[in-house]
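Here chain A shows up in two complexes: once beside chain B, once beside chain C.
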Partner chain A sequence: MPMNAIAENTTPKPIDAGWAWARFEPDGQRAWTLRWVGHLYRRAAFGASWQQLQDALKAGPQATIDGLVKPTAVQAGADASSGDDAVTRSGEAGALAAWWLRRMLETPYPLREKMALFWHGHFGISQARVKDGRLMANHVSMLRKHALGSYRELLQAAAQDPAMFLGLNSEASRRAMPNDNFARQLLGNLTMGPGVCDEQDIKEAARAFTGWFVLRGDLRYFEREHDTGVKTVLAQKGAWKPEDIVRIVLEHGESARSIVRKIYRWLISEVEEPEESLLKPLCDSFAQSYDVGQLVETMLRSNLFFSETAYRRRVKSPVEFALGIAKGMESIVPTLPLGSALANIGQQLGDPPTVQGWPGGRHWISPATLTGRLALADAMLSPEGAYGGKLNAGSIAKKHGSAGPDAAAGFFCDLWLQGDVAESIRKGLKEAADAAKSPAGDAWFRDAANRVIRIPEFQLS
Partner chain B sequence: MTATRRDFLKTVCGASTLMALSPAVPEFLLRASQAAAPDPEGRQTALVVVQLSGGNDGLNTVVPYTNDAYGRGRTTLRLTGKDVHKIDDELGFHPSMERTLRLFRDGQLSVVQGVGYPNSNRNHDDALRDWHTARPGEIACQTGWLGRAMDAVSDPNRPSTPGVCVAPLPKPVLMNAEATVAPTVTSASQYVLRDLPQSASVEGNSENPLVGFVSRGLAVSYASSRQVQDVLKDSGNRVQYPAYPLAEQLKTVVELVRAKLGIRMFFTELGGGGIGGFDNHANQRDNHAAVLHELSESLAAFSDDLRHYKLQDDVLLMTFSEFGRTLRENGRRGTDHGAAAPVLLVGGRLRGGLVGKHPSLTDLDGDSPRHHTDYRELYATILDQWLGMPSQKVLGKQYKHIEIVRG
Partner chain C sequence: MFRSFRMLLCFALGCCAVAGAAEPAAPPSSWLAADSLVVLEITHPKEVLARAFSNDVVQAVTSSPIYQAQMANPKISEFLNVVKYFENHFNSDLPTILGKLTGGGITLAVQPQESVVMIVESEDAKLLNDVHEFLLMVARNEAQKQNDPDRVKSAEYRGVTGWRVAPNEAHAIVGNRLIIANKPDELKLMLDRQAKEGGKTLADSARFQEARKAADEKSFARLYVDLAALKQLPQLSDALNRYENPLAALLFAPVLGAMRESNWISAGLAFQGEGVQLSLVTDGVANDPKAADGFAAFADASAGAMPNLTVPRQIAAMSLFRDLHAFYAAKDKLFPDRTSGLIFFENMMGIFFTGRDLTEEVLAETLPDVRVVVAEQKYDEKVGKPEPQFPGFAIVMRMRDPDKFRPIAEEAWQKALGLINFTRGQQALPGLIIDRPTHGDTKYSTASFAPAKPADGSAADVRFNFAPALAMPGSYLIFSSTQELACDLIDALKKETDAKEKPLSQIHSAVVLDGSQLASILKSNKEGLIRQNMVEKGNSRQQAEGEIGGMYMILSALQRFEMSAGVVDGHSKVQLQLDVKRPE
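So, the complex of A and B:
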């Protein structure tokens, strides 16, 4: 146990896998502070309100994670898949994104939405290709249903999902002319990653998908168009059908490794590629079960998650950026304009750019997208305009006992960054607060909130 | 860099920000200067793409008004020598395009004739996709030619914005990239951040590489905001733009070019708003005249504006449409989906004039002119000779260049 490493607040290299994935138990060296609570809520949810942060601080890490992984409200049935309403299915521009964003804000089970968003990028299916609002909504429901379930089941469901076939330009596959788009994605991005298997494997696997057509929004099977012959895929021979291909490719060790790496990037760090040895225990167990919930839980509860290796080692996506602001402000914003504002800065829910999903990380950030983020934040906090003054920085600060400029500036910094910024930044915030000696009205609160949002660390998760 | 560090910071951040940053001015701001003005000495070229949605009738845009086959094919839509703005004894611009002829005479506009591709598609979506991806027929291709160009030139460690979509549309496939995000900026004012008294808390020193990375990006954002603000303030002698959506988009482009933000590629669009576009299967005459008027007037204002600021040599604009239209009218005073059509280029560094012959009207492809210039040759020329980006990498093979750009 590299206890000395914890004491120094750095992580040794190579990281000891046993220590890394053991449960985090706070001690004298690494206390359970607001810093870690904020970190947890940014990763496992879309941010938190002040009350949630305080409650978690009292409850401790493992009990808080219990609540994120298995919310009592969900056990009580409060999060039944309601709201797949007509608008969502209409395919109207922005309807799906608006509905989903609202759900992300309101759900008692944000971890599920967070993982559904992960799978949305992973599968890379876009409304622009599916061109059917109902099928796209069904696709997202499928991702949500299996978001923390078995990846094996999710892939089997995907192999029966018409949106998958349409989104991969695979709406027809005849015996005489197999369409290999589905097989290519299945053996590549969806499992082992690109470039692991060879073209021949893809060609053979494509034959297993012959006979499947999407007709008027339904996935249909035509026996006479199915190639019943023997196919050799990843060295396994048989008269394979789609479900066999899913099974075979998941039996390949690289599949579990590739998914674990992707989820590591999603939950722990985008900065450094993890060592093979660090991930090995997770890969071994995931390869057996393909239990996503268990993998996510292990990562969230771990020492590594609550270490500098993970802390602020991800760039917030536009969705995380905007929802983090709304969660802190304890209100629902109009999500139709929000959806289109997020599209303008690079993340259109329902429309990942390619089947590889959003590249994420540093790619989110350019001068134009950063300006877009800051302008969006300002608009969300504005008393008028598209967001209708739903987010009121002044009333939230006062509600939590920070009525004066100095206190409010500190409050926003604690709420969103848990006060964990350089001393010079704190000083800057205080000076700005002092300058606002006699704030006229509540406009000052909005400026104070914006100032915190403009701190570089705010862009990080 | 000759200016002092303090002068530089003033330019980049504006005085109030500088106050907030002092006394310890982080080193990274100096590095950020390179991102804000990537090539302060040399000139940076930009490309503006104008999509004419719906399939523009090339034969009534650059009109072969003395051609017999044209006269026979067009009954109600025929334009004669009396109607057109004559380029020469054979060709003239549509009557709505008076100012286009003026640009042409000034050497600010070229017409590349007969542009298309083999076995071209006549379905709107499919043909548009072909023009956007530059991989005709590859329906699974997900990235656009400009998207791939952005990926080829961007460095994720050095925040920059190589391309933006100015059209108020969902992001076009043309700018779809595997890695680079092309934001939508429909007005230059979107680039302006509200000034907060004593704002910027940009701080660069942290163990975490992402903090420095975001800080550099923010420094450039503030600098950009400042630059755009200055541009928007200075609107004294501005050219009057007509009240058209395309003109509005092109005005935004010029403002962003003037602000020197390092944006290399812009996407704009005309005609996509449903009725009133270029897809005129019936009663084409007045609709087509209206959209061409919008195009011509908008291009002219754009060119005048660039020349006013002496930026015409830095910008090249190209139009394209998913296909041209049939030679013969369809009995409903309209025309149907065709093949090759002319591409218009606007800019100060063009060879000018007509590029390539007008396609034959007796040797047709499904009643439409055949192409003699592949659109990927045009793309390759623009990438290699105008943008200085590797066309082979973007287009998958080396296409030959056409003579459009002056050295």
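So, the complex of A and C:
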């Protein structure tokens, strides 16, 4: 029986929340196979090397997830010392993206970077609006620091982050003329989502942010400009200050629901809207603690994560697409040109298009961006050009015992897609491999890798 | 690896096909086609080998980070093992073997129809024979391994055995000379020329003989380029007749103009002390002040660029004999595609120069003496060192009527500072504070940022690389990016005036560069360059450190580079002198 059918049969419809969020334990019906290992590394990291896939296969799901969500102190220390601050703070064009991409590739803690990337889209702050490399670097550091911590603390930190105010065109808010951009974003996109609070709530909340100015890169408070009067926000009355607004808005049940939904789209599926009942246990728990790490861990360990409801139900973002190739090739690529190339296919790190972040999903793919993705993959695997032959398909295939055309095609299919493609595609790969007539040189290894990347399933996470 | 080995084999075999009967020595040019396009002659290869394989150089290369990094590459160590085997087989070291094989000279020529030929004259016919036999054996074994046993072929022509070991290679030995061509037919033509049946040879070319006479006699290597023939190529002709970039035109127009008027280029490379000197001579001279690009033409024999200025911590200096008024007045002829951009530039300049005409009322006030100086900076301790650290740079010009032009320049400069401050103010960035200090007898204007050390102990902001200054000592006008460099230039100009320095007769461009100072600024920016290398090339930190370390080593070894270009004895001449420092 095909693997898809087994998993499909094991996903109850409608999905029972108790089953969905229970820990996934492999059994005779749902074995721990390369398919699920690849799925886990695509969602919780940026892909994996062949060795990582094999190690995870041996270790089992829960031990592998332990390594992803709770890296050892040594690993965490190694990550903290990557030392990219000086460059990102210089504010040079492309430096932030280049160093972040490099960190994503090198870090032993990829889940943190994956969630920092999620928050980057969530907050939607763009260097083009902040216009200060140092502040933007600090903003991303803040996202990284709280990526798997408390969302409450993250929001409080954001309310003290100059880049947030600049990025939302809210660098000055006076008592006589409150700037409501920050409050609008806080009560909308950052917490409850659109349409929950009314315009009056936003205007009242904006009064709490009066007195805050960004001057020469510092966030400063002027008492005389602060509106000390009573404000009514979401039916709560008081002489509120920014931290009170954060508290009040997080106390609203819709905030937890909105964030859980967003993370569900990020980690589980962006195809179907989940039922309220399915998310309820997670929302209830998240509303108590706002512990992102716990929420993420619950999702990653769940039956639902390792089911057809989640499998290949996201389109890879350009960052995931490119880094997935590089991770499989076990090498660092030049990330300065990569950052520019990713911008050309729709994802400029450090510059989300709007404060809503990147729309994602099917918006990632258009005829132009798809062509761009394939051209980028070809360039990354090329021995010449901007990527200077850093990714060597031939040496990776040979290293893992696949020296011939047929074996190499199979290897790349297993490495990136875990062999989970239709029989006709497998046959096509084999025929193309058989037709590789020139054994001299490594060009056909590259062709084999490119053929796998061109398979539609490669675009899915 | 196999491909590089095969190339080595081809060259080595090229260096040794079996000698036939002894022939009277004819000059290599008599083997070459009269219409050869480019000819490189290394007349003293042993001298080159002795320098290249001297203990100092070998030690410096083998201890360099680049070499160390390359040693980790298995292909390189495999190659070195082949070399070692070769040395053991011939019971001698590589430099000695190469010296004997090539000691009579090497000539390489590019001829029409994409043909490339090489002639190598050996000092030891027996060694040549032995090495050739050895390498033929290796080539046959390789061919056997590749299931291509017929790859190594031989044939007779005019009593000489010709060999082929690769598709684009044919060689033969005549006397103690090896001749190699990239096409078998070309090899035959060379043998025909030797038999006096191949038509005229390069030795018969008056152009070649004239160029050769112009080359430095002390040269160990000479290059001849048939420019008249190459100018038939549309790309070259276009490049010599069109200017795309105004700055490039200002710098290179006199050289390009000379090439446009020339039929040949002759270059000679000679050792000078620890360094090398390259002299490039052409038969054409461009000195027509009426031509659009005649803004470097000399009015009389004594005219020329002033000697370069010297300041402390100097990295580079350039002195140009250029009439800026004539240059800008010819802009519509020189850069017709850039008219709209230049009009915008002129309008901008009109703001600074209070509506004066840039050509007739500003540039016409300058003399054809333009000098540029670049020097490493010292930083104020109150500020700390910025990251990255930029060198200071300045331009020095001379005014026709200092009393008239001084207030005009001062007003323009202060307006520019005002604009900078206003723009920075709009972005909430700190502005420049203007001051009017005195250095020696010269009162000058400067502007600097108020000191502000970063609270977090990180490097100072990049703005602290700049403290622009305008100084006008005597008839000179100095625009400098730093106050310190402006003061150093005031001193240097006083010294020049006191010494009554004269222009360098008929020299239109002179450049000097100090390698160790350049290495010093690279060292100051090392960390930033390493990081840039990592993201630009995808290198690990260790690899990036190796590359930047290698660059530092090369610059440290480059003690001084000097270039001068002008007219000597009716020929255009460019002379480059490179002094290297023995590694410490």
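The working rule: the second predicted complex is superposed on the first by the 442 of 461 C-alpha atoms of A that agree within 3 Å, B and C clash if a C-alpha of one lies under 4 Å from a C-alpha of the other, contacts with A are read in each partner's own complex, and residues count from 1 in each chain.
Operating definition for what follows: a contact is a pair of C-beta atoms (placed from the backbone, for glycine too) under 8 Å apart; a residue touches a chain by one contact, two chains touch by 3 or more.
Small disclaimer: the values here were computed from a predicted structure and weren't measured.
Partners chain B and chain C, once the complexes are superposed on chain A, run into each other and clash. Residue contacts after overlaying the shared chain place A:Ala17 against neither chain B nor chain C.
After overlaying the two complexes on the shared chain, residue contacts for A:Ala59 are found with neither chain B nor chain C.
Once chain A of one complex is fitted onto chain A of the other, the partner contacts of A:Ala95 are limited to chain C, with no touch recorded for chain B. More residues of chain A are in touch with B than with the other of chain B and chain C.
In the superposition on chain A, A:Gly388 makes contact with chain C only, not with chain B.
In the superposed model, A:Ala407 makes contact with neither chain B nor chain C. One listed stretch of chain C collides with chain B once both complexes sit on chain A; from 345-353, 417-425 or 471-479, that stretch is 345-353. Shared interface residues of chain A, touching chain B in one complex and chain C in the other, do not exist. Note for the complex: chain A touches chain B at residues 93, 128, 168-169, 181, 270-271, 308, 311-315, 343-346, 348, 351, 353-356, 359, 361-372, 374-375, 378, 421-422, 424-425, 428-429, 431-432, 435-436, 447, 450-451, 454-457, 459-460. Residues 387-388, 427-430, 458-459, 462, 527-528, 531-532, 534-540 of chain C touch chain A in their complex. Of all residues in chain B, only 20, 24, 35-36, 139-140, 142-143, 147, 156-157, 159-161, 164, 170-171, 173, 176-185, 190-191, 193-194, 196-203, 205-211, 213-215, 217-218, 220-221, 223-225, 261, 263 touch chain A in the complex they form.
Per the touch definition, chain A reaches chain C in the complex via residues 84, 86-87, 89-90, 95, 98-99, 102, 131, 215-217, 331-337, 387-388, 390.
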